Amino acid sequence: MSELVRMEAIDKSFPGVHALKSVNFDLHSGEVHALMGENGAGKSTLMKVLSGVYEPDSGRVFVDGQEVKLPTPKAAQDLGIGIIHQELALMRDLTVAQNIWIGREPRLSFGRIDEAKLNADAAAIFASMHIRMDPRTPVEGLTIARQQMVEIAKALSYRSRVLIMDEPTAALNDAEIAELFAIIRRLKAEGVGIIYISHKMDEIKQISDRVTVMRDGAYVGTVVADETPISKIISMMVGRELKDEAVTIPDLSRAETALEVIDVSRGKELKNISFSLKKGEILGFAGLMGAGRTELARAIFGAEPIDSGEIRVHGRPVRINSPAEAVRAGIGYLSEDRKHYGLALGMDVRANIAMASLRRHSDAIGRIDEAALAKIAKDYIAKLAIRTPSDRQELRLLSGGNQQKVVIAKWLLRDCDILIFDEPTRGIDVGAKAEIYRLLNELAAQGKAIIVISSELPEVLRLSHRIAVMCEGRLTGILPGGADQEKIMALATERNGKTAA
Amino acid sequence: MSARESGLGGNAQQKLLAFASLIVLVIGFSLASPNFFQVSNIMAILQATSVNGVLAVGVTLIIITGGIDLSIGTLMTFCAVMTGVVLTWLGMPLPLGVLTAVGTGALCGFVSGGLVARMKIPPFIATLGMMLVLKGLSLIVTGTKPIYFNDTPGFTTIAQGSLIGQIIPLPVPNGVLVLFIVAGVAAWILGRTVLGRYTFALGSNEEAVRLSGVNTEFWKIAIYTLAGAICGIAGLLIASRLNSAQPALGLGYELEAIAAVVIGGTSLSGGRGTILGTLIGALIMSVLTNGLRVLSVAPEWQTVVTGAIIIVAVYADQMRRRGRS
Amino acid sequence: MSARESGLGGNAQQKLLAFASLIVLVIGFSLASPNFFQVSNIMAILQATSVNGVLAVGVTLIIITGGIDLSIGTLMTFCAVMTGVVLTWLGMPLPLGVLTAVGTGALCGFVSGGLVARMKIPPFIATLGMMLVLKGLSLIVTGTKPIYFNDTPGFTTIAQGSLIGQIIPLPVPNGVLVLFIVAGVAAWILGRTVLGRYTFALGSNEEAVRLSGVNTEFWKIAIYTLAGAICGIAGLLIASRLNSAQPALGLGYELEAIAAVVIGGTSLSGGRGTILGTLIGALIMSVLTNGLRVLSVAPEWQTVVTGAIIIVAVYADQMRRRGRS
Amino acid sequence: QDKLYVPLISKGFQHQFWQAVKVGADKAGAELGVEVTFEGPDNESQVDKQIDMLAAALAKKPAAIGFAALDSQAAIPLLKQAQEANIPVIAFDSGVDSDIPLATASTDNLAAAALAADKMAELIGGEGKVAVVAHDQTSRTGVDRRDGFVNRIKESHPNIEVVTIEYGGGDHLKSTEITKAILTANPDIKGIFGTNEGSAIGVVNGVKESGAKVVVVGYDSGKAQKDAIREGVMAGAITQNPVGIGYETVKAAVAAAKGETVEKNIDTGFYWYDKTNIDNPEISAVLYD
């Protein structure tokens, strides 16, 4: 195992933020080196330095022992450094294959593109990943999870010697993660060095050889994964011990029903879905990628029309044709795709938190009560530990996890009776996750009805009072809280009555 | 330049920076010609900014939502025409004429807004259609003849009188006063109110706003309606300056107004922009036009120089901003 | 309508749908007037489409990158003027004139592209500046007088002759032939080549393209240069049609061309668009104009009806598309 | 049913001048029992738009065509087409450099503008600075009126200097701003000539707004110009006889369509009008609102 990359005393500041404080990092060939840290610790920034997106203010980068300059992404690529960015950077109007090979299209004469080869090559990569994906699908229609797959395929296509994966599994579920890990092990065997960033602690144990921890932009230390308990890594990250609370399922037998979904169908995506949700209950939704959980949530929320079926809120049937009507009926929905459906990235933290609640914080002529909003924003920044220089920072300058916290704050502030959280902890660090779980339990205790959609089974199990499982647009079953994983997986793969392997 | 800096306010240094191109131009012209920096000429420049400035303020709102409005020029004319109909043909009193101008503008803006927000027609097409329809309607209503306001005493003072001149010895024309009031109100709306917040939010990420439970259609229509009403005020100003409603006027004014907005730093892709920037943009344009004329530059060279300076001014502005961050 | 369907090809059903508005118009006018659907008038419509069509094809490329080009109209004129200088004033042979037109266009496109891609000036401003500069230059070079091509025999056949008419008994003017060739080549470039791929990619997510290690500046400049060359061809066509280079022409042509592009379904926010759509858009515009004239609709009503039909056509097109998916 | 059809393709239709031509044409149409249509492009630089209009007019198989060419040369192929189809063409306004038109009903813009120059010279006492606010830098009418004025000043009034020529596109507001800039740049200016209605009114507005004392000479008529002359803000103006032009064009077109011979040059004349003669019958007959 030879040294591939060494970064020495990397320093980088943004206006108002000292993002990297003299950070060291190194990578050997054939190893998986996990990079850990809380949201905003500086992980992505460090990797952007290594992949030529940012130039550091000071510090040196060595590749194969030679000092190198990385002024552009191209320079990094040429040195064999590939990256899967945390914020998906795909061209929505191009197809999957066109995205993968952008900049490296196989050419024929006259600058023509060999489209057949392009598609075949992309298909080959997906085949090696054991994923079914038509290379000619436009990226636009893909779910976040599938877009992430495309990013992974694209990174693999570079055949890099150094592969940076910035939260590649944030939107994936267990089956797909297992597939990704198989790929990672294969690459590792080929001598590729992999830098792996994730907030999912269990993955670190499974895949990584060494772990480097960062905190507040500073280097904390590097440890060998096998020899270090998770709790140690966590305390390195957060600077204190975290204790995990167990689920306590409240007695809801006397609780009122908050939401009833009766026989809802929509095209091929949703087939005759019925369930109900009580006040004070947290209903988890499990399922594989594309099971239709997001579709269902969007249908309930009025973001997408339903073909048939009925939705009742507090026993009264409601017609919901738009999100505005849903919110009026007391339903809130936190989207899984924060960038496209959750945030106004060009606006500041305060404005985003207030987005759904402006009418409540303005007077008769529409004047916004900025002072009140400032106080509220500061409260949430403290409560959710949002790392930002101020509540007036533009959202696009926040780290991914901190952006996610802002979306959560938006819905917490809106204070709906029924809240649907679609992948609420995507990209959120362990400490904050625990905080959010606590918040959700608190909300439920206050009598809110909550749906949590999550691709992380442990999260579903950790939170849910009941667990609904979907497969291919059907609700295949509802299990009691704390049900075992096998049963959930069985329902999640129950294709048209038959249980698949 | 996010929502919070959208007002006429903002921090002092930034304001200074944004002004720089304008100041350079003014100093340059002042040095080049003794006739340029004189009260009467400065007032002429301000007066020349008033109509375009008001239009630009209106279209700034729409551009911040990520839209565009090509109909502002002909809408302005149509509002002037309808005012003529009410005041001259029907002989109504002046306040009703003012109401007609603003009301006609708001109504047409409402229609454009409906086309864009409800029928999902791209703003470019919806307002291109409106531009043509309104252009035709102005000609039809008037029978292609101008309507004069000779029977409405005081009509010309709306733009040409000087209230300020009666108080202090600076004959700032009322048209300029109107411009500053309109700009002030628009900046206040953008910076302080719910409507303004949604204007930015729509331009920043419309789908995210919709999924926040906001009735985006309603707010978008409201913004177009407001912008239309502002065009109505521009219609009033131009009618007052010309003491007539000229039905054939208006085409091409949209480009000039949009140019002022973009020179002022508002992004055509929406989500960011300031009224102050738009005012400066409009002033840059009229200082340029006036200055080159006062220097008696040959007309064909005037266009060349104007084009070049617009590019340079925006480039310089950008370098400054990049330098800052 | 993503990159892969960008060619003149695409599946049959979709093509049919896109044509629908156009066909409805043609049938409507044919029923309304016996003079409309006649070979000579159809040829007149096609001829009237040629210049605007070529410009629209050029600006389609730029719009797909997410940009805009306001200078196309005056660039066209400037190219015509330079051709006049070379052919009439310098007495060079015809092929050199053709080269001059295309070369001038490419050069100016290169400059615009440089301003946008390298100096990061917003396309609206960069090309607005270019529009004014080129407008002035045309007047300066010509001394504000048209340059006639009387000394270059055969010059008028570039647009007005009919090669096709010599083969089959349908006098399709060469200008139309040129339009279809230009459209074909542009569609081929968009659909099949690397340049085309980057055109879509830039409009879709420029930052992502850059992060993929592509030299985005180079490709963007290449696209503006190509679009400029296409404007050069339009310059040649209009010069040939008018047998003269008219230096004051061109302003307003950009709006018409952009309108054709947007009516054809290309999104002004970039990333999607087709040349076929642009052709249909340009045809819709000229069928409308011609049809209303043939029906002797009063000119002021012509504008009203044109505006309304543009909105309706785009709305109908959109309903169809939504219905499909 | 088979009314003769005569389309007039003019240089514009929105200006009062063209509307007056249209009035004359309609009048002749009514008297002679023929159908007349009238259209023109938005501005006088749109040469190719006009060609397309001509093409559409030909498609309607008219009995004759009235045509005011923006550029004679550019129209020749279509005029030839008309000739081949035996559709007589009558030129109006400023004429067509070709022998295809059977007759031309026009004003001599050069001579008319020269008259304006002479009047201007007289009004400012034969010396001093003057300026021109023209409506177009390239169109026939714009060029002729500018040159007619400027050349006459040069030739016959050596003590008068034309200090600047600006172009406002006939847009009232633009011409107003231009005038104010001219007055700023040349505080000692004595007179300004506006070459069409929009320009002349713009000059009047600009002079009024800046409160300057200059001699304003206009061109064409219209209510605002007549008012300005009555008020004394405008010293006087040249008027053509647009109603006559329209009338004579249609009359000649109908005659030609019937195979009668028509007079080759129909000069409809031009007139100087000011406070003193504005209400004379022969003047008020050629003025329009």
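Here the chain labels run A, B, C and D in written order, and each chain numbers its own residues starting at 1.
The criterion applied here is as follows: a contact is a pair of C-beta atoms (placed from the backbone, for glycine too) under 8 Å apart; a residue touches a chain by one contact, two chains touch by 3 or more.
The chain list, named the UniProt way, goes like this: A = Sugar ABC transporter ATP-binding protein; B, C = ABC transporter permease.
Keep in mind it's a predicted model, so treat the numbers as computed, not measured.
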item	value
Rotation angle (°) superposing Cα atoms of chain B on chain C, nearest 5	180
Comparison of A-C and A-B by number of C-beta pairs in contact, larger one	A-B
Approximate Å spacing (C-alpha centroids) for the pair chain A, chain B	44
Whole-Å separation of chain centres (CA-atom averages), chain B against chain C	30
Chain centre separation in whole Å, for chain D relative to chain A (CA means)	71
Junction residues of chain A - those touching two or more other chains	none
Residue list for chain B, restricted to those that touch at least two other chains	139, 144, 251, 299-300
Touching two or more other chains - residue numbers and ranges from chain D	13, 42, 137
Every chain pair meeting the contact rule	A-B, A-C, B-C, B-D, C-D
Residues of chain A that touch chain C when the two form their complex	53, 72-74, 77-78, 85, 89-95, 98, 102-103, 105, 107, 110-113, 115, 136, 138, 140
Complex interface listing, chain C residues touching chain A	2-4, 192-195, 197, 200-201, 203-205, 207-215, 271-272
Interface residues, chain C side, partner chain D - complex	35-36, 38, 40-41, 44, 47-48, 51, 139, 144-146, 148, 150, 156, 160, 238, 241-244, 246-252, 286, 289-290, 293-294, 296, 299, 302
For the chain C and chain B complex, residues of the former touching the latter	68, 70, 115, 119-122, 124-126, 128-137, 139-140, 144, 251-252, 255, 258-259, 262-263, 267-269, 299-308, 310-311, 314-315, 318
Residues of chain D defined as touching chain B within the complex	13-16, 19, 42, 137, 163-167, 171-173, 176-178, 180-182, 184-185, 187, 198, 201, 205, 209-210, 222-224, 227, 289
